[in-house]
Amino acid sequence: MMQSNSETPFVERSDRDDGIAILTMNRPQRRNALSLAMMRALIEAFQEINAAGEVRAVILRGAGPAFCAGHDLSELIGRDVNAYRRIFTTCVELMECIQRIAPPVIAEVAGMATAAGCQLVATCDLAVAASSAHFATPGVKIGLFCSTPMVALTRAIGRKRAMELLLTGEPIDAATAAQWGLINRVVVPERLSEETLALAHRITGASADIVALGKSAFYAQVDLDQPKAYAYAQEVMSLNAFDADAQEGMSAFLAKRKPHWKLTDSSRSASTRYE
Amino acid sequence: MMQSNSETPFVERSDRDDGIAILTMNRPQRRNALSLAMMRALIEAFQEINAAGEVRAVILRGAGPAFCAGHDLSELIGRDVNAYRRIFTTCVELMECIQRIAPPVIAEVAGMATAAGCQLVATCDLAVAASSAHFATPGVKIGLFCSTPMVALTRAIGRKRAMELLLTGEPIDAATAAQWGLINRVVVPERLSEETLALAHRITGASADIVALGKSAFYAQVDLDQPKAYAYAQEVMSLNAFDADAQEGMSAFLAKRKPHWKLTDSSRSASTRYE
Amino acid sequence: MMQSNSETPFVERSDRDDGIAILTMNRPQRRNALSLAMMRALIEAFQEINAAGEVRAVILRGAGPAFCAGHDLSELIGRDVNAYRRIFTTCVELMECIQRIAPPVIAEVAGMATAAGCQLVATCDLAVAASSAHFATPGVKIGLFCSTPMVALTRAIGRKRAMELLLTGEPIDAATAAQWGLINRVVVPERLSEETLALAHRITGASADIVALGKSAFYAQVDLDQPKAYAYAQEVMSLNAFDADAQEGMSAFLAKRKPHWKLTDSSRSASTRYE
């Protein structure tokens, strides 16, 4: 990619000792816009995390005051329709990648999350926002209706509220976003990273295998009608009960001791750049 | 239609200079009950608005203190089942018509919205209510379970709350309706029309073509599972980006000037009657 | 069943004079865990209620401080996968049974409702909880992800909130559960039974036939896409209007008198034990 020659990587990865990887979208001067290069760097980062299998939770944040301002408009002007297809196909690939990788992904939203940036928040497994954050799908105002963000948004906050955001393009604040179920928590800006980490830590104590199984089962069942969802989930549950980590976890619980999961708590603190 | 001989039309249409049409259900003495004639007049009014292509947003309100009290019970007594089929088929046709026409439809709810009247509110793209409004599906109390309103209600407010309204028949107030996502805003009664217009104005500044595209895409994707919804939406988005209004909108945004949409701001203030 | 020899029945049934049956899960020392025997006793109780056709609403509660702590872990350790399949198949059968029987089922939640106990609450048609109750899906902490509870939970409270409960295993209080739509009402503990009965009484005044028709239609349409849901519901509605109870109910309403439903108000106060 051309962009890989730029000085600053699009995505910074920092791995903590506690099994948590932090991915930072790193184009603050562009409000971390989802250019093709940014989307590809994110996909690459998520896929590498997934392949290595050592990370237990991912935190996705933006450098600078904005979380993410959506697509890079400069890539959407004066080109042919296949160029646009490439962009939106990559965008969908990114969203599906976030839900397909094993570790849960938590959006840490300090500032604006608009258009495809709002879609990112709706897509992440969990989301924490600073009280100063806001959320909008303003595409309608510039003639580019937020139709792909709409897919994630409708499924997160329901019809009337999604329609309001999409048709008016007006922002909502973080408290409203929490009330509508778009995000999980609102915190004071000073404590955003700390509270996001605290939420991640509630996950990293569990068996990574079982968390991965559960996350995967979640997205497999969420779109099925109830009888099919149960037909699937009862088999997942039965096989899960047979898993060594379940046997260990239940035995430990009944014996009132701490469980020892299959996977060792490998950790590393390398920093990686995705360009 | 026989009813077209009555003195007062079932639906009054008033077109404003700003691209907003106001449809008023006009049987206040019957609390704007959805008789066959009323439903047909509404369908005709919505279809004519859609065909002419000049209206950018529709506001639907009721004359008098009630918004709409649901079906006209006098049409549901002592007739054969095919007569009932005609009524409920027309009702579904009305609901689908509201979601199929190009301009967004906003319910302006001053008073009671019950049974199929509550379904109307759930069906409109957006809804604003006076704090004095209330909402109920009381059919269960008179032996006629609100099964068609249930379809819209369940999809707007979720299972437990829909079930409560349907099984008990008890009303909720406007604040509760807003909290549950049945409506978008609650305002003091004196400001109902003003605030509904203000919401409509947030839409009418946008390209009417793009709003129509977005509304249509919304209902096309809302019932699909996520992969299919994305497969559809990414193509809508790509074609949208190629649209002249998108190219103009994005260019204007980047140049910090006001966009000029394809459609001229045609307006008219004729008043039409649907009988 | 072996357990049928134990002294205390797993489920106590008490029928009131007003058409309401109260089922009490009766293993307080095991926090009413859903052992195979408990699940089978519940299924048997629900099926018998349904077959007899005299009960108009069911209240499901737990003996002692807990509502239900989920599956019986002692049955999930050291057995083969087919034993686990038997347990989770039975669990799904229980959940489907609750939604398939004619009378509405109201969960009365005094204390903890965790894992499959939380699934029970999400599955019941309605739910009332004491302010002291809490709700959690803590399976992830013991290596057994709550995948079957997930099916009911996702459909009751939406994606982000379901994901939070499932991934963290942390409890929410009753007020949060009400705000999220998992339950219908929160009341002070002293008034829990009274308020649950009051909610049941809002249902038992209606025609039992029509309530049964409505409940059945609810679950038949809830998973369909909107056009199919309407195609189904408009026929249900037309046939409902033709029903004698609808004709009587509408006539009584228009004549401002009390309706007389087809079914007589049979009552009985026998107590039954399910073991």
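By written order: A, B and C. Residues from 1 in each chain.
As a working rule, a contact is a pair of C-beta atoms (placed from the backbone, for glycine too) under 8 Å apart; a residue touches a chain by one contact, two chains touch by 3 or more.
Computed from a prediction, not measured in an experiment: that's the story for all the values here.
K.L.:
Shared numbers divided by all numbers used: is that above or below half for chain A and chain C, i.e. same or different?
P.N.:
different
K.L.:
Degrees of rotation, nearest 5, to put the Cα trace of chain A on chain B?
P.N.:
Superposing the C-alpha atoms of chain A on chain B needs a rotation of 120 degrees.
K.L.:
Using CA atom averages as chain centres, what separation in Å is found between chain A and chain C?
P.N.:
34
K.L.:
Would you pick out the residues of chain B that each touch at least 2 other chains?
P.N.:
Residues 155, 157-158, 222 of chain B touch two or more partner chains.
K.L.:
What residues on chain C touch chain A, complex-wise?
P.N.:
The contact residues of chain C facing chain A are 73-74, 76-78, 80-81, 84-85, 87-89, 91-92, 95-96, 140-148, 150-151, 154-155, 157-164, 166-170, 180, 222-224.
K.L.:
If we count contacts the way the header does, which residues on chain C are in touch with chain B in the complex?
P.N.:
Result: residues 104, 125-127, 155-158, 181-184, 199, 202-203, 205-207, 210-211, 213-215, 217-218, 221-222, 225-227, 229-231, 233-243, 245-254, 259, 261 of chain C touch chain B.
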